[in-house]
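Inspection log for the structure reproduced underneath, given as structure tokens.
Letters are used for the chains, namely A, B, C and D, taken in the order the chains are written, and counting of residues starts over at 1 for each.
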Amino acid sequence: MTSKVVSLREAIAANVHDGDTLAIEGFTHLISFAAAHEVIRQGRRDLTLARLTPDLVYDQMVAAGCAAKLVFSWLGNPGVGSLHAIRRAIEAGQLEIEEYSHHGMVARYAAGASRLPFFPLRSYDGSDLAAANPQIRRVSSPYDGEEISVVPPLNPDVTIIHAQRADAEGNVQAWGIVGVQGEAALAARRVIAVVEELVDSSVVRDDPDRTLLPGTVVDAVCVEPFGAHPSFAQGHYDRDNGFYRDWDPVSRDPARLEAWLNEWVRGLDGRAAYVERLGAARVDKLRPDPRPSGSVDYGSYR
Amino acid sequence: MSAATPDELMIAAAAAELAGVRTVFVGIGLPNAAANLARQSVAPDLELIYESGVVGARPTRLPDSIGDPALVSGAAATMSMRDLFGGFLQGGRIEVGMLGAAQIDRWGNLNTTVIGPYESPSVRLPGSGGACEIALNAQRVVVVMNQSRRSFVEPVDFVTSPGQRRPDGSGERPPWAGAGPTAVVTQLGVYHFGPDGEMELAGLHAGVDDETVDAGTAWPMRRAATITRLPEPSAQTLEAIRRLV
Amino acid sequence: MTSKVVSLREAIAANVHDGDTLAIEGFTHLISFAAAHEVIRQGRRDLTLARLTPDLVYDQMVAAGCAAKLVFSWLGNPGVGSLHAIRRAIEAGQLEIEEYSHHGMVARYAAGASRLPFFPLRSYDGSDLAAANPQIRRVSSPYDGEEISVVPPLNPDVTIIHAQRADAEGNVQAWGIVGVQGEAALAARRVIAVVEELVDSSVVRDDPDRTLLPGTVVDAVCVEPFGAHPSFAQGHYDRDNGFYRDWDPVSRDPARLEAWLNEWVRGLDGRAAYVERLGAARVDKLRPDPRPSGSVDYGSYR
Amino acid sequence: MSAATPDELMIAAAAAELAGVRTVFVGIGLPNAAANLARQSVAPDLELIYESGVVGARPTRLPDSIGDPALVSGAAATMSMRDLFGGFLQGGRIEVGMLGAAQIDRWGNLNTTVIGPYESPSVRLPGSGGACEIALNAQRVVVVMNQSRRSFVEPVDFVTSPGQRRPDGSGERPPWAGAGPTAVVTQLGVYHFGPDGEMELAGLHAGVDDETVDAGTAWPMRRAATITRLPEPSAQTLEAIRRLV
């Protein structure tokens, strides 16, 4: 089996193009800031950015001028407040938006993953969301005539997910909150998996249930430890809640934000340099104590 | 022990709304504290279900986000969002959804999307997240929010999450939907909804009078047949709340 | 938390009623023969039996006179041949059938689990299956007008699944092939989980990703080791392929089949007696060698 | 080494159809042996995907069913059937589906449902399983089956899995569907499909002549422009096959 391991720089250069629809998914957990920063460094433009929660990761990309459009369902800095760069871009008419609810976005990815022309869901009745977004439509059931809301498929050109580990064949394993990572990846034309750790295939094959994406659907595997910071990787490091809080004044001030991007993204050549700049003390503080899952027995059958 | 703060009054009153409940869909902040308080008191079998897909969390610290890793370690189950929103929420398996809002109207319609017109808002709020489908699919909804003439308004600028009727009083909830908002808890009191779907004052926190409620509502607030004086949280309850926030 | 552990006899008596729609799911793996035998012993009648692959489990129930109708997608003894009792009942006009494809059945459970009035799938175009089953219908997409097949929801009155372990709260964990067990359980009004092993809640909570069904959706937990034989439980015992082969001559001959039911089902008071009758040699032969999954780290966060 | 049996000829010819393929949806028996042989020879990157949701199995013994536990231990991934049939198969991520059948017609329509009328069949067969959606959603389909005037028929008694056209020659495959059956492998030879969707003889196994094919087909079998003589399996290939069955 040919190895799929490449540098993140190569993976972004080969797979993310100006004008693409890009989904960097991960619900609070496993958000690939490393990939977002590489996209910024490579100066991508006119991207349509899809994500349930744009989070800091898209606030940074919008501030860096990568995006033309945002497709989302909850726009905020969780527990802190607004995403100011995105708000400014929307208010300045520089960023188009297309807005759903969480279930609507989940259903869009599910339709995209399974090549359905639409996905039905029990939402939007009595809400103003459908009036604000003409892509939310209605279908009648052929069984009882009941009308139900539907959303169209979302098929990103590229989906980037972060996970705890993968093997060189591209089998990706993740644990903890997986959100919509599976559906977003299956819906995409190209898939980049960024992982904390590259492991031998035997590690993956000892626990096949843990596999989120089989290698057949993954185009590139990139190894970037701490690549999800300030988001987290269950068992590897904690969410850096201080970073999320500190982002608010940075994001409010375009000059400070530009300086931050220069210092932490454009001025560095990759995630290793970012981690070095964070410093060992901050990194160590985010490491949890061990809490093993325990092992189950699959049995050896001969 | 110092007297209860307005937030603590809201947490205690919201917890009371969860008596006997087994499944609640919660967010971070006051709803999380209220649900944890309920599990320690009036709802011992309560399982907290987070939007991130965590079921039955037993966090060893206060979660800072709905996707906090401390919610996952030691939980009963994790689910993909497809299973959570499809099989669980839409499947009718959530008894109570707890929601907050920037604005509410007399029918319980909630706005978390925009202040001002949608195309050119004066304030852009986060939007629905899962709130729209929680409002429709949970068996009932408990709203926890701060009350003032800026939040208890008529009409709301945008209906993110549907209440008992459309903002003009027309329409009804779809036949498949849950009961919708049945209680609203604020720093002033507790509101229920009459048979026609209109909000009515049902209980007042200690030290709050009718006039304060009227001053904090942009429409003439209806009164329930009986308005209770909500119990002040006991010292033990206050202690429990203070461990939770 | 109140314990949900009851005897299988109590669980069947309380949850399975004459005329119910019953799904005993599990694709090759984890088929609860123990529950099927208890349903036979309690003499249930007029059941609608739903299962992708009726397998020996429904051949036995049909032979015992429990069923009025069968909803399925593949009717055979895998790798061996026919299910003769079911074939005789169909030919005698004693058993109504409603036939789908696998994806159609999966979609029916998925619609049932998520309370959708229908589920769309790309199947049946150009096949005679839709003509044979008027429940397979069409819907037009409101985006491009394209027509797509749909199937109606399937909501069993009771779904019974087998799994490797559960805790007393009803949190069920399974590994290996899970088929449609999750969707079939979520679609049901009542759920019985039969497990190899009752474990402490801490075992479940050490690995929450392994949970197939949270306790909130499970009504009864029954502990029946070897309860899936002649099907298998990954890591616990092998599929008894000899039993599947030997079933063919039994199932062909109504008299032998009746004698089998009397000897192995009606004449025994439960699964423990069945296992005893199988004998230690046969049971031991089906035990695999260990093959541990290995442990992952969820992290302890304070 | 003894000469190749008809089954072994079919396995070798079916494996050749998988040259360079990376994802194949297989069942037990001949297709399983053919796919494993291909992975050892013409398709080193081939991943076997089973209807039970097992991806990339590395069985330590010959599987007796598509849900054999030996397929799971050591596999790359397990999937629910919803993910397998939805995200994988319907998502267009399966290159080749391998199917068998009791009957086939000149358009590649497959019958695994009934012999005789549906309501009162003379033989009730297993039905579709996943075959109908495999025939529609795999990028292409390789059929492996025994050939005789009872199996190569016109028309089939029931279309379980659609071929290139309806049994009367009308219609086309839906625009979203895969290429459908592109090869049929039997104990007599290999058949491909012309641009109009009709089956044609493309290759003959050693020792088989045109007349045997005609005797084993209930319609006048068309000939491809060139009919190849299929290579006899080498001793090494035969040895590999015999380890697999």
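The rule is short, and it goes like this: a contact is a pair of C-beta atoms (placed from the backbone, for glycine too) under 8 Å apart; a residue touches a chain by one contact, two chains touch by 3 or more.
As the structure is a computational prediction, the values presented were derived from the model and not from experiment.
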Partner chains that chain A and chain D have in common: C
B-C or C-D, whichever has more C-beta pairs in contact: C-D
Distance between the centres, which are taken as Cα means, of chain C and chain B, whole angstrom: 39
Whole-Å gap separating chain C and chain D, where each centre is the average of the chain's CA atoms: 29
Centre distance in Å when chain A and chain C are each reduced to the mean of their C-alpha atoms: 36
Euclidean distance of C-alpha centroids - chain B vs chain D, Å: 57
Chain B: positions in contact with at least two other chains: 54, 68-69, 72-74, 78, 86, 90, 176
Multi-partner residues of chain A (each touching 2 or more other chains): 110, 115-116, 121-122, 146, 176, 182-183, 206, 209, 234, 238, 288, 291, 298-302
Pairwise chain contacts under the document criterion: A-B, A-C, A-D, B-C, C-D
Footprint of chain A on chain B - complex, ascending: 28-29, 51-54, 64-69, 72-74, 78, 80-82, 85-86, 89-90, 109, 113, 118, 124, 126-133, 136-137, 158-163, 166, 171, 173-174, 176-177
Contacting residues of chain C [partner chain A, same complex]: 115-122, 137-144, 146, 148, 150, 152, 164, 173, 175-176, 203, 206-207, 209-210, 234-236, 238, 288-302
Contact set on chain A toward chain B in their complex: 27-29, 52-53, 72-76, 78-79, 82, 87, 90-91, 99-103, 106, 110, 121-129, 132, 146, 176-180, 182-183, 232, 234, 238-239, 241, 244, 288, 291
Interface residues, chain B side, partner chain C - complex: 22-23, 44-45, 47, 54-56, 58, 60-61, 68-70, 72-79, 83, 86-88, 90-93, 176
Residue ranges of chain A in contact with chain D within the complex: 1-2, 110, 113-116, 169, 171, 182-183, 186-187, 201, 204-206, 208-209, 211, 213-217, 298-302
